[in-house]
């Protein structure tokens, strides 16, 4: 119910996570190579920052369809990876963070150039990470797609 | 990450909630009157069933805009209430279940008649209830809007 | 603006498309083989009906990740194809119908079995087709994912 | 279909609308007062710019629920209005632009202060305007909600 909307996750200002990433691009790249080897070569982490990440999906002839361009599933994959990387940077190595929802608007036909995904976390709670990813063709600042994502973060094991 | 998608919430078949509602329409109506008195008269619970609920929003002259019809915020409210009722029926009295996301497509201009919302739960986990609500003008089976919702369910206090 | 929501597309009852599909499963399969040969073998059209279609995505060892299951991009592809097929069945051969938005909730871990997608059109206008697709693992009636889609239909060329 | 995603709306760079707004805040306020008088006092247009607008929803005791805060329908209304204003600024007086979809994530409990909506157009085509709105409680830069919207723009009458 949204009448007098209450907090669904997290505990307000005092619990707000620190804005310093726990992992950098090289550490996350090594982690992904280990747990998702099938992604290797598909995406490149260009930069991670506080609540943000930028990834590149190299596009070459093998990606292109006859008469075509970057496919929907490829854009889905880049959006999903970019938001996962932004979240990992803040919470640390956590293979079990899973996508619970992804909503994507396709805005323009991508060029036959590398695709860039800029991820931004809007809310990082204890159980959910919510944010968006804007996709661009390299060298053009008009977005080709925009995705909104929610990730579920598994409870921390105490040890 | 959706490569080898894992379970975000709940524990599979063995944990699947029983499909028998815990509360009926009259009990939920009494509960809503108590915790959300501002809703009184706005929506009527017509039926609750396993993972389902049907609500009616009475439309009279006072709801109608000049030259108009049912507004977007009214459709939002009906979708939100209908899914809340479907969820309450399954989990019991829980005022603190909150909407975490609501996505609505407006499909057709509603008639100047009562609006009906048919809610369906697609996944009832321990922490999330996910499903959709289809909105109709009474007496016309073509949907006027379709909404997808996620509710966060607060952890149970053990006692 | 949703105050007094008006019609965005289509013209109400009189313009409602006939509910008889123009194409059957075999005709659409032949059309997809021609215009999207890269899909061949990835999805099988099991049934088309009025405003509906059911597709199967065969899952074999080559789809499975280490320790894994059906990936997010594979579910995206099945949802996208199933809704495209449901739309094609109603409007006829139209390669240029494109996805403008796709919103997917991941609900349960899919089993290592074929994936089924049940598409349903909620509104078929002149310019937009809007509806949803529910995904199941074969033999289990609890949905593994639910997607809402919008397709843009190109204007008809007059001859 | 998203394999080799094509353009759904608009015609690429050459058709990109000029980035200069056609209307300013005062002109749009006058227009809204005329066509949506029921909104008067509910929202205030603070600023419009190229592909952007910022609106304020004044929150006083009359908006607050017992124990409560800003409601979901109020946030829906602000998001919807803010995106409508951003779109009107670019296309001119057009009462018939209608919301076709609105997807909102509720992120944090809003404070009992005015609510601010920052709208951004990501794609302005001939038939669709697509973008997002981020909602804040005044004086706090952590978003309380984030919405993605699509508006249908009616075809221009030629004179």
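As written, the chains take the letters A, B, C and D, and residue 1 is the first residue of each chain.
Heads up, the rule we're going with is that a residue touches a chain if its C-beta (ideal position, glycine included) is under 8 Å from a C-beta of that chain, and two chains touch if they have at least 3 such contacts.
Please read all numbers here as calculations on a predicted model, not as lab measurements.
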{"item": "Winner on C-beta contact pairs when B-C is weighed against B-D", "value": "B-C"}
{"item": "Copies chain A and chain B - rotation angle from C-alpha fit, nearest 5 degrees", "value": "180"}
{"item": "Distance-maximising chain from chain B - centres being C-alpha averages", "value": "A"}
{"item": "Where chain A and chain B are represented by their mean Cα positions, the distance between them in whole Å", "value": "30"}
{"item": "Separation of chain B from chain D, taking each centre as the mean of its C-alpha atoms, in whole Å", "value": "25"}
{"item": "Residues of chain C touching at least two other chains", "value": "1-3, 5-8, 38, 65, 72-73, 80, 98-103, 105-106, 150"}
{"item": "Residue ranges of chain B in contact with chain C within the complex", "value": "1-8, 10, 12, 16, 64-73, 75, 103, 105-110, 122-123, 130, 132, 134, 142-143, 146, 148, 150"}
{"item": "Chain D-facing residues of chain C, complex", "value": "1-3, 5-9, 36, 38-39, 80-81, 84, 95-103, 127-128, 150, 152"}
{"item": "Residues on chain A engaged by chain C in the complex (per definition of touch)", "value": "38, 65, 72-73, 76-77, 80, 98-106"}
